[in-house]
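Structure record follows, encoded as structure tokens.
Per-chain numbering from 1; labels A, B, C, D and E assigned in written order.
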Amino acid sequence: MPILDELKAAIAKRLPELDVVIGWGKGFDALHHTPVFITSEADLDKLVLGPLSVQNLATYLTRYPKTKKIGVVVKGCDSRSVVQLLQEKLINRENVVVFGFPCEGVVDLEKVKRAFEDQGMEAARVSEASFQGDRCTLTSGGKAGSLPMADLWADKCNRCQYHDAVISDEFVGQRLERKAEDAYADVAAFEAKPLAERQAFWQEQMSRCIRCYACRNACPLCVCRDQCIAQTREPNWVSQRTGVEEKFMFQMIHASHLAGRCTECGECERACPVGIPILLLKRKNNKEILELFDYRAGIDPEAKPPLLAFKVEEEKINERGW
Amino acid sequence: MKIGVFICHCGSNIAGTVDVAKVAEMAKSLPEVAFASDTMYACSEPGQEGIINAIKEKGLDGAVVASCTPRMHGPTFMRTVARAGLNPYMFEMANIREHVSWIGKDKEANTAKALDLVRMAVAKLARNKPLFAKSFAINKRVLVLGGGVAGIQAALDCADGGLEVVLVEKTTTIGGKMAKLDKTFPTVDCSCCILGPKMVDVAQHPNITLYASAEVDEINGYVGNFQVKVRKKPTYVDWKLCTGCGACLEKCPSKKSPDLFNEFVGTTTAINIPFPQAIPKKASIDAGSCIKFKTGKCGVCAKVCPVKAINYEMEPEIVTEEVGAVIAATGYDLMDWTVYEQYGGGRYKDVITSLQYERLLSASGPTGGHIKRPSDGKEPKTVVFIQCVGSRDKSVGRPYCSGFCCMYTAKQAILTKDHIPDSESYVFYMDIRAPGKMYDEFTRRAMEEYGAKYVRGRVSMVYPSGGRYVVRGVDTLAGTQVEVEADLVVLAVGAEGAAGAAHLAEKLRISYDSYGFYMESHPKLKPVETNTAGVYVAGCVQGPKDIPTSVAQGSAAAAKVLALFSKDQLQSDPQVSSVDLKRCVGCMKCAMTCPFGAIKEQEVRGEIKAQVIETMCQGCGLCTATCPQGAIQLQHFTDNQILAEINTLLESELEETQG
Amino acid sequence: MSKELRIIGFLCNWCSYGGADTAGVGRFTQPTDLRIVRLPCSGRIDPLFVLKTLTGGADGVLVSGCHPRDCHYSEGNFYARRRLEMVKRFLPVIGIDPGRFEYTWVSASEGQRWQTVVRGFTEQVHALGPIQRFGKDAAAMAAQLAASHA
Amino acid sequence: MTTLRYAYYPGCSGLGTSKEYDMSTRAVCEALGMELIDIPDWNCCGSSPAHTVDDRLAGALSARNLVQAGDIEGVDAIITPCPSCLANLKTSRHRLQKPEFRAEVNKLLERPVHGDILPVKSVLQVIVEDVGMEELRYRVRNPLKDMSIAPYYGCIMNRPPKIMEFDSQENPMALDNILEALGATVAPFNLKVECCGASFGVARRDIVERLSGKLLNLAAENKAQAMVTACPLCQMNLDARQNQINVANSTNHVMPIFYFTQLIGLALGFSQSQMGLEKLVVSPRELLAGAAG
Amino acid sequence: MHVINLSKTRDQDFINRVERESGQNLSLCYQCGNCTAGCPVTFVYDIPVHQIMRLCQAGQKEAVLGCHSLWLCASCQSCTTRCPNSIDVAHIMDTLRHMARRDGYATEYGVKSFTDSFLESVERHGRAFELGLMMLYTMKTGKFWTDVDLAPAMLTKGKLGFKPHPVQNKEAISKIFKRFREEFAQ
């Protein structure tokens, strides 16, 4: 049985006890999936699954009251968001049913767009998209083009260590049990650049920021919502003045508030309409947290997050003799 | 808001290196500043009156005083502002003395810096809000840590003042170092004869609970309401039954137990009462040397005890005491002098410490008051005293003067002559430090009447030769190397904080220095207070001192506690955290980090929100730094207040670079 | 030393602010660049203060609290240690030299140590020179970047 | 056992007055599994005379050896038997960490000092630390039974501690421990680090006669049958000048003065001539014969 | 005993030079005398070492550089090791000797000659050549070699070679001396 059918069956089985199940459905064209909210068995036909199921559906969990019974379909990476939400007691374990499946990865739609545009195709209004083996074939405006998947996978999928959901109540399909290495080479490469270049990079990137907060709204762990510290005068951390340092301040707040919590789902970066690589800031923090505290967020719902804890003797913090 | 700014000259302390008038002049142009002036001594009566008048006349809403550290006069000026009818928290201080005028001579740079600090204070004050203290009840009991003469004095004075006292002593008897001394300088009266009665008073005072052989495990709470866990270490003798008859001591077959009280000169029995005047006069077993504990066989003491007080199964016991104040009087220890390998590093039996020598002099000591060499029990004819061993010596990390060694060495030289009339004493000294009533006269007597030979210079090395010890030193006044052949060498070893003092300070949350001495609140004006409200120090715990000073500090600390407890309620510091319920999302991360458990969950209209328990909150602000929404704010140190200070500085920099 | 730079210190009231006072009482001469913000505890320091200050144009930030185990509030500096270490390690990725930020522990009795810390840190910041400001010097930064590529 | 490999600085006296020290050191080190590679074309470190004239000159003479030692592959320390050479090399190395001093010294050198310099240790130190007493004890074939020997370290083997960084500066135990490992009796001797008069033997013999005399007196008083030392200068003063000392102080000491390497060698099973015992002025033959019997 | 006029004879330049060249802070000395207490050669000193320290503090250049003690210091490091203020006294003695040498004070001619002979030997051969050194020394002092009684034993035991064991690159060593004289004007 194909995985999608298995998934439908699993959801059908649990649906009676749930208020809603969040999954992916067809989007406005063949290149996009969009979240669907399944409340009846009839809705199950809307369900799709595949390399276009890019959204992290865990983001929606905190949009419901904690008392609602919710099912959610998660990729491996998304499941870590669920774990993190559980750890922070932002959702109730007994009110959430997690549907896991072996995720082969999702595409980076920006890469897809660019690659097909390079082939002289229009990436908008795609009428057909198929993923066969290691190739992706798109049809748009009557023209068809094919590209190797290797060029299209999202970066996070290339370094994925959690193809199979780390937490699930229903797991469909065979676990992939695969693990890539992630030595944070991207962070190291960026930090190898000269200091001025790094600063100028952000200067340039942030000058394009339009302060839409899509990054924040897409983040499954940005649970402050209307109380975000960036949009208040009490306290007044970020002013309304439009300057690069104000825009960047928000990104530093976001990174700082996610330190020890971010599961690198990449929704912030994906949601950014102007394509600022803001996940880099969070990955930098995660790299240091891993080094200092041997800790990864979103793995253990019982773990104590390192920045809300301490050791009297810190093994790895060398205070540099100051 | 109308803010008044007052720049203090502090005589020439500030005005000498800061252009005070200019700072005042510049301050006038700051937003919200309605008045600025300079004043000779802001803290003096006319200075304070000037502030009050300005507030009243100009209708000011708040005041900034730029003068010394807020740790010194912050409370003074808060009272001044209150006298002028303002809320005391509508006040800020700029520290332009300790942080400006005293650390640099460049007047121009200092003036600019002083102005910056004033701008920061103004910016912060503009965001201050009136705060109101709440009252809370206090527990009028006091914990005294350490049963030496300072602790005894503090305990007795507190108890006589009607307070309930809990006295905790680490060893099995109170008395401390003073109980080990033979005589005291400069009166040469018997140490135990003057301390003994006080010890008995402690035992008999109805207001004093004494825990000997006990230590503090944990201290929680805050001024007025501390919870203390006292660990009673097992003595293996039920002290409720023990009468101190001493039958067990006579029969104990293990006579090789290290004799702590006698500074390890000689040995004692495994079950022991340290000295005849011990309080409590109860026996206790040293499990480390008791045959019963080592082999399981023996039990002689249990057999001979007429009241069946011996209990080999005794376990440590934790007692919780609630008190409103703590007096730390844990005293000192001698530094580890064995780092002086040139004096044998402990390898030569007849090179001993001055405290060991006290035990040799004492009639209750291991030699019954006869001076005998530890190596062969012979009476020494030539005794060499070496001063400043571990004092004034940077090379062993002890740069300070221990203060009392000059005096007790003189005393010991006198006593040596008393004990052995045909003996000769040599004292190697660097300087004789004898400032005190009848002190210098006393050291002169040692030389003039008792013939002690004082040699000015350090001793380079001591080595045994022919059954005696060659002491090779210098007489700097004669300008020559000298050698003395000694039978006994007594080292005046310097003092350091008592073993475990640092650990205890951490529990008390007070500062200590690298020698283990506790930091007082102010070296002159608050000598027995600490920076933690309700915690006081007395005696050598703060630094080396002689007996009269230790006693005076014991009384001083007691007076402080009695003054604190003279009210029935204390005012809580209103600088506590406060939750903006609208902004709180109930994630409770604040509660996870609060060291005092002062944040609890509450339900507001079906939603979880954080709530601060104001009497428990100590105002550290950890929660504020933790909260992602900034919903919990430490009053008086809110994000906005700190940001205002930062922005002020960054703006001034901006103006400079642009202007 | 060259022209004064803008160095901002965040000090806990109980230890380090007292240590700076002790240094003053002892007349331990220090460079004048530093401006001190008094806080109750190093645990009060939101790492964002450091980032805000540095991206806002300060040339250096110094944080000092009670020595570990010696916190007036028991645990504040333990949390601070982790958070401040993180912020120190974060700086390179946003293009700020980590040498512009240090955190340390100075007790109220350590006046001399405070002098050493201030001297050392001021020297370190001066060696790095004035900071390149975010936002404000965009043109200068672009020029510098172009030069570094040339 | 992995081979211990060192750059070896023999020192000038090893070619003359302390030949037996050099001989015994080389033999014993080999037997203990240590490989010594002579520093190529080493020169005199300048001894005391150089540093009494100028620090930079002394620095340069030592530095040339330190630089040459850097050519030897696969070693991580320079070792030397002679404390005077040791003190010079170590002091220079210490001072060369300072850029100003290094720059001045480099002005004098053909091959300037660059980068890190190999650490310098005494042969005594590496035998204690790298070989270890356990290993030494294990290798002893002929324990030095019935021999009471006073350990004399000399004044600069451990002093000043900031530079020498080995053993206690007041009560060093390295030789005591070696004697004990070799099966000898350690005679009490509390002038372990007193000066013997050093290089004043020639210009001010009176100094040596008094200071070395004192050492011999204390050793004899404490019933030592011989003394052991690690320093060619001390050995020379105590041994070769023993007669002069006896004459000056009206004493009649006949106290053999061994190098510690000679005693290790004997215990390891080397012959007396392999250890150059015949080169000692005060002959130990009688003592050794007595002990053997 | 002569009177020192402190206001007139205090040579600040001398104090500065000693401090600079030795890298030591003279004002750390509080005259405990531990240096003298442990000095093994104090019995041949004309001024004990703690007084040399005192005279340095007082800027008494003549008295210090003209004294015999400087030349009789054995560099045994006992003063440095035991100084409670961690002053490197032995290095100060070395420094003073350097200054005395430069400024033409040499009160112990024999010691100076031995030093000179030793270094000449090193300059010539690259290594110390003991017999050659003795001959040089005898020539310089005009004294007959006082250790002649030692010679037979040393010779027969092969401890005193007739030939030096020079380094191969003798020039490298002699150039060190040459450059030293050029660079530092000796």
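We take it that contacts are C-beta pairs under 8 Å (C-beta built on N, C-alpha and C of every residue); 3 or more make two chains touch, one makes a residue touch a chain.
Note that the structure is predicted; figures quoted are calculated from it, not measured.
Touching chain A and chain D together: B. Counting only chains that touch, the fewest steps needed to get from chain A to chain E is 2. Looking at A-C alongside B-E, one finds more C-beta pairs in contact between the chains of A-C.
If you average the CA atoms of chain C and of chain E, the two centres end up 49 Å from each other.
Separating the centre of chain C from that of chain D, both taken as means of CA atoms, is a distance of 51 Å.
Chain B and chain C have CA centres that are 31 Å apart.
Centre-to-centre, using mean CA coordinates, chain D is 22 Å away from chain E. For chain A, residues touching at least two other chains, in rising order: 237, 308. Among the residues of chain C, those touching two or more other chains are numbered 47, 52, 56, 69, 75, 79, 83, 136. In chain E, the residues touching two or more other chains are 43, 78. Chain pairs that touch, as defined above: A-B, A-C, B-C, B-D, B-E, D-E.
Touching chain D in their complex are the following residues of chain B: 340-342, 345, 347, 461, 463-466. Residues of chain D touching chain E in their complex: 12-13, 15-19, 41-44, 46-57, 60-61, 64, 104, 107-110, 155-156, 159-161, 169-170, 193-195, 197-207, 210-211, 240-241, 243-244, 278-279, 281. Of all residues in chain C, only 47-48, 51-52, 55-56, 68-69, 75, 78-79, 81-83, 85-87, 89-90, 92-97, 102-105, 117, 120-121, 132-136, 138, 141-142, 144-145, 148 touch chain A in the complex they form. Those residues of chain E that touch chain B in the shared complex are 30-34, 36-39, 42-43, 47-48, 50-51, 78, 82-86. Of all residues in chain A, those touching chain C in their complex are 187, 190-191, 194-203, 207, 237, 243-246, 248-249, 252-253, 255-256, 259, 280-281, 284-285, 288-289, 292-293, 306-312, 314, 317, 319-320, 322.
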